[in-house]
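Letters A, B, C and D name the chains as they come in the text, with residue numbers starting at 1 for each one.
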């Protein structure tokens, strides 16, 4: 078994128009910039994207949006240092937004990966983000019912990976990546370093390979923050 | 043709090892597999040359291997049957909620379980005889949900000769409509659209005799192959 | 006594740093604390001598410290505001679902947030002015649930002089009945059984003037202390 | 902040009669034998215990049950190599049993720790273990509603621990321990080795200290399997 794929282009080649794609990261940390750029190059459009944010500047997710590939965005916080790309398209009605509280977003993705079709949370009860959702009382307190969230693809960023798809992450770049790996039909991981089997201690595997379909090495991944400070634009 | 006696049946039927061998032939290289405690565990021994499945155990290990030599056991490294195991390269540990996320979330390719009864609609009874005593379910009710294929290994009939493939389970259910394929001592049977579909049978048993030992209609929708297992 | 002018108010009211200082005095040694982005982040600077809280950030870090020196940033090590942070000994990383399990599961001792409005029943509005534009909620709706104490830091009135402590929020809610204490530029107010209960006020402001600047009745059920903060 | 407690007796001293107590472990692996024995010594009774099993032989959980301290057991598999202690008391009607499928047990505990009062699972639908529980259909498939599970105390076993309560585990001894740590009001961890702060790499902390109240060192913890092979009996 070898889940390694030689190139970024090959890794994203199967993603069709109209696909739902979870993209890891919180702001720039843990964002798989190279996989996103490969997705731009692939030409796929009408995508539904799940990410905590809506991009920053003109690289990564912001570039994917700027290239008009994203039909709908599911996120918690579509703001950033430079959110103009999303803001302008949203205000012009050119992109759909599903706003989800951050903890609910994380839990919905986890539920998607764990085979839990729905759960109850106190979050958003009594607010406009709960409009139209079923509610229920447990032990005298009110809760909102939320549904699982799954996707066709997940593009994630990890630090170490092996041929079986076992992954570990770097510091706070972990964030949504391990969750999204579980909730997609096909999970593609870019890793900064490929190690031999056993190169990640079994105790320290964060994402077991069962959740990963493709591994592609990106030795010195770009950081969104650094790209934006350099005023980079993709493509 | 006259009905077979239990003695005649005992002569022709596959052994448990042979049933496990047959099930192993359907497991692809790289498949993620959970083997139920007991009889299904034998499947691991019969992986075809050149294929390697990755075995999952509910208590939080992916990628485990054989039992260690006696005296070499580490009792922090056990499987769901509480037997000592070893690790293969590329293994991983995780907690019970993550382990059952793999199960319930549909990430396993195959789960293989034993059975008291399987109904033609795929209902499975394998956790309780319903006769009292101390009930115990473990992970059985979880394992029947989520794996892409839920396969059952079983003798075709009970020790008394009663069918285990039935029109409707009379024993307490483990899961509803969950079984996709049954490997028995006489046949390989799929569950499709609420019917038993015969895929393979022992060459020495007639269709009539096999049907007589089965509690619901065995349909066919294609060729029926010969079920042939090596001596084991 | 005549109503105070905004100019008079500006002269006596606490600065944001002083409000943050006051809130910091209520945080016990060893408390697990989440500070909202912006103004609430200042609380970390004012921990009393000999006490050390453990700070949580939604994006998966427990036990972080100050910002690094310019040029020393590691952009994989940021807080919920996407600012670079450092680690203290005993810190831990975890994914977003585990991070919000800490929040929603009631494991934080204190969450401190900003506010547009707080109602006397504890309702909080702090995520949307309701005036259009791009809506963004982040973790605010999660943070108001689960922490043992949900505290708000806020000016007592808006820039126009309208009360921010109100009978009922007119802006979109972040959470229902969630706020337990409000630290304002003029007072410390608890929410108890659907009422504002005044705990402390600036010595220089009269009860009448404070009430006039508050959109719902300020009740008392014990002594009202002097709110005194050092020059900062 | 120092969550270390000097003795096992001190660690369990606050557990009152009638308390609900989650006990980590799967069979003997990860079972906090020394904490359980300290709980026996403490005299607490009428306990509701949550554990995957029902004890084996006459040590650990089996000993707690044999000493008639357990009023009710919530577990998935009350069988073992030597389950006589539980079996006899159960058949005599002297202990109550709530049988829960193993994955549902894990998920209920996780939900308890994560503030999710209820969730839906396919597990047990249509079986007698779903009797009386609400059901619902999502996307045309039937599911059972399950409630969170919390406890007053959790007794868990970890490998490394520090003064802030950060923990890591040893191999498959992880099992229910990290989940139970999150779902109890007061979590007590016995650890094989106490390390200085930072002695567990922040990337490798499995249970962050926020979930742990007390840490007690037990340098060479007993293994239930070894005790049973030696036919040990406690007390």
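Criterion: contacts are C-beta pairs under 8 Å (C-beta built on N, C-alpha and C of every residue); 3 or more make two chains touch, one makes a residue touch a chain.
All of these numbers come straight from a predicted model, not from anything done at the bench.
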Among all the other chains, which ones are in touch with both chain A and chain B? D
Farthest chain from chain C, going by mean C-alpha coordinates, please. B
Chain-centre distance (mean CA atoms) for chain B and chain D, in whole Å, is 30
Centroid distance [mean C-alpha coordinates] between chain C and chain B, Å: 57
When the centre of a chain is set as the mean of its C-alpha atoms, what distance in Å lies between chain A and chain D? 34
Multi-chain contacts only, two chains or more: what residues does chain C have there? 93-94, 97, 100, 103-104, 145-146
Where chain D touches two or more other chains at once, the residues are 107, 110, 114-116, 121-122, 169-171, 202-203
Are the chains arranged, by touching, as a line, ring, star, complete graph, or other? other
Touching chain combinations (by label order): A-B, A-C, A-D, B-D, C-D
If you look only at chain C, which of its residues touch chain A in the complex? 57-61, 73-78, 82, 93-97, 99-100, 103-104, 123, 133-142, 145-146, 172-176
Chain C residues touching chain D - in the complex, by the definition given at the top: 29-30, 32, 52, 54, 56, 62-63, 87, 89-94, 97-98, 100-108, 145-146
Could you list, by residue number, the parts of chain D that touch chain A in their complex? 107, 111, 114-122, 136, 138-139, 141, 143, 147, 168-171, 202-204
Parts of chain D lying in touch with chain C, wherever the complex brings them together: 1, 110, 112-116, 162-164, 166, 182, 196-198, 202-203, 205, 208-211
Under the stated contact criterion, what part of chain D meets chain B in this complex? 26-30, 52, 76-81, 83, 86-87, 90-91, 97, 99-107, 109-110, 121-129, 142, 169-179, 206, 223-226
